[in-house]
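Both of the next two complexes hold subunit A, though its partner changes from subunit B to subunit C.
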Partner chain A sequence: MRTRGMRLGNFLSLPVRIVVLVVLFAAILFPFYWLISNAFKMEQEYYHSPPIMFPSKLTLQNFQDIVLKYGLPRGLLNSVLIATGTTACTVFFGSLASYSLVNGMLPRRLKKLFAGWFLIQKMYPAIVVAVPVFYIIRTLRLMDNVLALVLMNTSFNLPLVILLMVGFFQEAPYEVEEQSMLDGCNLLQRYVYVTAPMVRAGLIATGMLTFVASWNELLYAVILTIVRAKPLTVTIAGFITDKALVWGPMAAMGCVVILPVLLIMWLMQRDFISGVSAGALKA
Partner chain B sequence: MLVTRTPYRSKTDRNLSWLFVLPVILILLVAAFIPLGWGAWLSLFRYKLNLPAARAFIGLKNYLDIFTDELTMLSLRNNVIFASLSVSVELVVGVTVAMMLSDDSKLFRGLISVLMIPMIIAPVVSGTLWRMMADRTYGVVNYLLSFLGIAPVSWIGDPKLALYTVTFVDTWQYIPFVAVLVLSSIKALPTSFLDAARVDGASPWKVFWRIILPIISPVIIIVAMIRFIDAFKVFDTIFVMTQGGPGNATEMLPTYIYRQGIKFLNIGYSSATAIVFVISMSLIAWAFSRLRDRQLRRLG
Partner chain C sequence: MKKFLGIVLILLLIAAVTGFAQKKFAGKSIRLLYFAATYAEAAKEYSKEFEEKTGCKVEVVEFPYLTLYEKMGLSLSTGDSSYDIVTPACQWDGEFEPFMDDLAPLIKRDKFDSEDIIPGLWEQSGKWAGKIMGIPFSNTPQTLAYRTDLIKEMPKNWDDFFKLCDKLNNPAKNFYALAIPGVKEQFSGLWMMVQWSLGGRWADQNWNLTINSAETRKSLEIAKKWMKYADPAAPAWGLPESDAAFLAGNAAIAFSWPTLSIAPNGDNPEKSKVVGKWAVAPIPYEKNGVTVLSSWDMGIPKAAKNKDAAWEWIKFYTSKEKQLANFLKYSILPSRISVWQKPEVKSNKLYPHYQASQQGAVIWWRIPAGTMAEAYVRDAVSNYITDQWNLAKAIKFMEDGFKKLLADYPPAKGVKNTGR
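Here is the complex of A and B:
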C-alpha cells in the first residue's frame, strides 16, 4: 500500500495513540470477557457483591438451564428457521429482481422506483408500520408463525440486497451475457447458467448481511410471536422484561446468540466490510 | 446507479423480466407499501382497539395532539439528546481510530477484526450485557470504578443518568461502524498527493486536518446521516435496558410509538406520530444530502 508514503497514524503522538487504542480495545473486549465468564459462573459467583472477576470454578449449569428451563432448543430452532428462511428468500427473489432490473426489459420508471424505495425504507423505523402489519399478519392467520417473521425480515432486507446485487450484476462482463443471448438462451437460462454463477461472491456477501440482520432482529419478533415462534432475541429480552435477572443463564444465552454471527464474520470479514460500506455509501 | 442495457427484444424475455420482479413487488406490497398507506389512513381516526365502537374520523386532530402531548415532546427531547450525543462521540472517536489504524500492518488488520465485533452482535445482547454490567450492586462497572475511589452509581435507576447510560451503550456499539466506514474511505485515497504533502514538509497533523479531513468529509457526512437516523430509530437497546424508564427518562419516539400502539392500543394517535416521524427523518436526510452536495461542490 503506502510503501514510501507517510504513516497517517502519526497525526497524534505515540503516547496518545497507545492510550486511545488500549482504552478502546479494553472497552470493546472486556464486556465479552464478562459475558463469557458469567456464562460459566456458578450462581453464588454471578450474584456476588463485589463481583468476582475470575470465577473459582467453571460450570456448565447455566447452559444446562437454558436448554432445560429457558427454552433454548425451541428458540434456537426458530431463530435458525427465520434467519435461513429470510436469507434464502431475500437472496433468491432479490437477485432475480436485480438481474431483471439490469439485464431484463423493464420500464425505466420501475428501476427508479426500486432505487427510491431503498432510500425511503431507510427513513422509517420498523415500528412505524407495526400496527398495520400486526393486522395484516392476523388476517393472513400467520400470528405466532415463523413464516410471518420470514416475510417481514425479507421485506426489510430486500432493498439493500437489490441495491448491492444491481451493482454486482452491472460489473459482470456483459459479453458473456450477449453471447449466450445469441446462442438462444432466454432470460431465465441466462440467469441460472451464465450470470448468477459469475456473481456468486455477491450472492454470498448479501446473504451474510441478511442472515446477520434477521438473526439479530427483535421488534417484529416481539410483536408477531406469542409462544411457538419465539426466536432467541425474544427469549433473551425476556430475561430482563419478564423474569428476575438470572444472570448466569442470561449470559449463556447471550453467548449462544452471538456465536453464529461471530463465526460468519470471522469467515467472511472482507466481504462483510465491503458489503456494509457499499450499502451505506452507495445511497 | 442504474445503467440501461438494450437487450434483444423477445417476448419470452419481456414476460420473464416481469416474472422476476413480481415476487419482490408482492412482498413489498404486503409488508411495506400497504402497511405504510394503511398507517397514514388510520392516523386520521380516533381509534382505540379496546374501544372499537368509538372509532371516528377526526381528520388531522391526532397530528395536532402530538404537539400538546407532553410525553411525545419529552420523547422527542430524549431522542434528540440521545442521537446528537451518540453520533458526535461516534464520529470523533471513529475518525480518530480510523486514522490510527489506516497504516497497513498485520497487527492493525487483527485489531480491525476485533473492532467489528460490537457492531454486528444483536443490540438486544449488547443491551442485556450492559444492563448486567451497569447494575448498581452486582455490576462490574461500579466495582471497577471503586478502584478509582468512585462511590457506587445507579446507572440505570437514576432518572438523570439513565439517558446517558443508554447513549453510552449505543456509542459503544456503533463507534466501530463509523471507524470501519471511514477507514475504508481513507484507504481508498490516492497515495500520490499525500506523498506530495509530505515532501512539502507538512506535519502529520496538518495533513490530517487540512487534506484528509476535507477530502473524506462527504463520506463523514453520509455516515453521520445514517447513524443519526438509525439513532433516532433506536428500539432494542431501550427495550431491554430501561423500557423507557425510570419514569419516562429514556422514552424515545420509537419506544413511545410502540407503547401507544401496541401496549395502549391507541392506534390512531400512534399512527399519526409514526407518520410525523417518517416525514421528519426524510427532512433530516434531505438536509444531510444537501450538506454533502455542497461539500462535494466545494471540493470540485
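Here is the complex of A and C:
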C-alpha cells in the first residue's frame, strides 16, 4: 500500500531533493562561515567592495584583542554563571511545579488556574516590566550582579519549562510511582528516584532550551549590568560604536559565544531530540 | 619637660605632613558614563593620571548612542546612584535636566575658568532653563570630507554641488561622487542640515510649527537627489561603511562626522588609500550655512555618591590642557575658544570645523519631545528617499507627528525653542 510519504517521495525526485538540501545547507551554514572568516581576516579586508569571500591572509590578532582588550575572560565567566545558574534553578523549580500540577493534591480547578497563570507569563513582552524590575533589583542592591540576571532569566523561562514538563509528567506512568509508594518511598524519594528518571529526556530538553535562551539574553543584561556582571552578549553589542563597527573582534567574540552552545547541543543532541519529540506521536 | 614638648611637636609635624601628603580623594572612586567613541577612550587614558593626582579611582563605562540614551534615562529618572558623572548629548538636556545638579555654585566657588567656552555652544549644550547642568566638552558641527586631488574648492550652494557631482560620478569604475550613511538614524541628520541651511526650521522660537514649508520641500528633494550619486548599497550604510568607502578611495565627498573615523585614519597608509588627499569643509553655505551640532556635556546626577570627586574630574577633563590633548590625539573638537586659537589646532586639517561652528551649528529640539520628534523625521525622510512616500505624505507625517508631540509633551512654561 502506498503511504503518504511514498507519494511525496515520488513527487520530488532524488536529484531535486539533493539540490534542495544542498541549497538549504549552504544557506544555513554560510552565515557561520562568514562569521569565522571575518574573525580571521585582516582589517583592510573587512570593507572591501566587492566583499572578499576567501581571506588572502589569516590573523589571530582579533582573538588576541578580545582576550586582552575587550574583556572576554570576565564576560565568558559571567555568561557561564548566568546560563548555568538559570538552567539549574529553572529546571529544578519548574519540574517540581509541573509535578505538582500533574500529580499534586490541589483541586483540579486550582491546578487549571495555576496552569493558565503560567501561560499568561509568557505572553507579555519582557520590556514591559523593565522599569519595575530595575527598581526591584536596585532596591535589593543587586545592580551589576550576576544573581540579578539569574533571577530575571529564571522568572522568564520558568513558565515555558513548567508547561513543557507537564506533558512529560502526564506521559510518565503513575503506576510506577504507586508501586514505589507501596515500597515505602516518601514524596521526595519518589520524585528523585522514580519520576525524574522517567522524564529525563524532558528535563534535558527544557534544560537546553533554557540554557540557550539565557545565554543569548540581551535586554535585561543591558539594563541590569554596568561593568562587573556584563555577559558576552552585552560585550558584543558594545562593538557597535558610533566610531566604527569593530568587525574583527566582534566576529571573533561571536565565534567564542556560539562555541559552548554548539558543544552542548552536539553532546546532548540525542537526548534533546528525543525529549522534544516525545509525546508528538501516539504509541 | 622640654624633651616631652619636643617629642609632641615632632609628632604633630609628622601628622601634619602626612595629612598634606594624603591625596584629597584617596579611597574614593567615581564611575563615569560616556558615549562609546573617542571621548571614552580619552577618559580611560586620563583615569590613571587623575588617580595619581587626587587618589580617586576612575571607572569609565561606555555605551553606543541609543543604548546610552536608555541607560542614562533609566538611571537618572529612577534616582539611581550608579554613576557619578553622565555625559548627555545636548539634545537630551531638556529631558535630563530635572535629575542633574546645578553646577553654577561649584563654578563660582572654585572660580572655574569658563570665560572662553564658546558662548553659543554652551547655550545649546549644558545650559537649560536657567541652570548649568553640564560643561560642554566637545563641539562638533556636521561637516563633510572631500578629495583635494579632485576638488579645488567646495561649492557654496547645492546647485553647484550637484554640477560637481555630475562631473565626478563614475559608477562604471566603482567610483561615486558621494559616500553617504543612508541608515535613517544618520541620514535624517544630513537632511536637517540642508533644511536649516536653506533657512528652514521645524518650529519658531515660540514652538509654532514651520515644518510645512518650501525649505522643507526643497531640502527633501536635495536629499533624495544625493542618492543618485551614491553607491546603491548606501541606503543600508552606517557611518563606518560610508567612511570606509571614502577612505578606500571610492568616493569624492563623504557626508560624515570626520572626527570619528576619517580624521584619525585618513593619513594612515594601513587604513586609508587617500593619504594626503583629503580635507574637511563646511557644508554648502546656501542661505546661512547652518549645520547640525553634535555636542556632549558633562554633569553630575543629583543621586551621585561622590559629587566633589566628580566635579574635580569635570574640571580636569574640560581644562584647556586636556582639551588640547583631546584634539591632538583623539580629534575631539574643543569647546574653548582659546584652544581653537592654538597654532597646532589652527594648522590642523580639522580646523574648518571652527568655521562651521562660527557659521552656525545648532541642534533640534532639546525638550523631552525632541527625541520623539527626531524619530518622526527619520521615518519621513527615509520613506521619502526610498520612494515609499511622496513629498506631501512625508511632510504631513512630520507635521502631524510634531503637533501631537507638542500637545502631549508641551515645553515647560517660558522655555523657548533655541534650536530649530
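Here, the second predicted complex is superposed on the first by the 226 of 283 C-alpha atoms of A that agree within 3 Å, B and C clash if a C-alpha of one lies under 4 Å from a C-alpha of the other, contacts with A are read in each partner's own complex, and residues count from 1 in each chain.
In this section, a contact is a pair of C-beta atoms (placed from the backbone, for glycine too) under 8 Å apart; a residue touches a chain by one contact, two chains touch by 3 or more.
None of the values given here were measured: they were computed from a predicted structure.
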item	value
Touched partner set for A:Ile240, first subunit B, second subunit C, both or neither	both
First (subunit B), second (subunit C), both or neither touched by A:Leu29	first
Subunit B or subunit C, by number of subunit A residues touched	B
Partner chain in contact with A:Pro15 - subunit B first, subunit C second, else both or neither	neither
Contacts of A:Ile226 with subunit B and subunit C, given as first, second, both or neither	second
Partner chain in contact with A:Asp144 - subunit B first, subunit C second, else both or neither	second
Touched partner set for A:Val131, first subunit B, second subunit C, both or neither	both
Contacts of A:Gln44 with subunit B and subunit C, given as first, second, both or neither	second
Subunit A residues contacted in one complex by subunit B, in the other by subunit C	46-49, 130-131, 134-135, 222-223, 237, 240-241, 245
Touching residues on subunit B, where the partner in the complex is subunit A	1-5, 7-10, 12-14, 16-18, 20-21, 23-24, 27-28, 30-32, 34-36, 38-39, 42, 93, 96-97, 99-104, 111, 113-118, 120-126, 128-133, 135, 137-140, 143, 146, 172, 175-177, 180-181, 184-187, 191, 194-195, 197-198, 204-205, 207-209, 212, 219, 222-223, 226, 229, 232-233, 235-236, 239-241, 243, 254, 257-258, 261-262, 267, 270-271, 274-275, 277-278, 281-282, 285
Contact footprint of subunit B on subunit A as seen in their complex	1-2, 4-12, 17, 20-21, 24-25, 27-29, 31-32, 34-35, 38, 46-51, 53, 89, 93-94, 96-97, 99-106, 108, 110-112, 115, 117, 119-136, 151-152, 154-155, 158, 162-163, 166-167, 170, 174, 181, 186-188, 191, 212, 215-216, 218-219, 222-223, 233, 236-237, 239-241, 245, 247, 250-251, 254, 257-258, 261-262, 265-266, 269, 272-274, 276-277, 280-283
Sites on subunit C touched by subunit A in the complex	31, 35-38, 59, 61-65, 67, 70-71, 74, 78, 80, 82, 174, 231, 238-241, 243-245, 248, 250, 260-261, 270-271
In the complex, subunit A residues that touch subunit C	43-44, 46-49, 130-131, 134-135, 138, 143-144, 222-223, 226-227, 237-238, 240-245
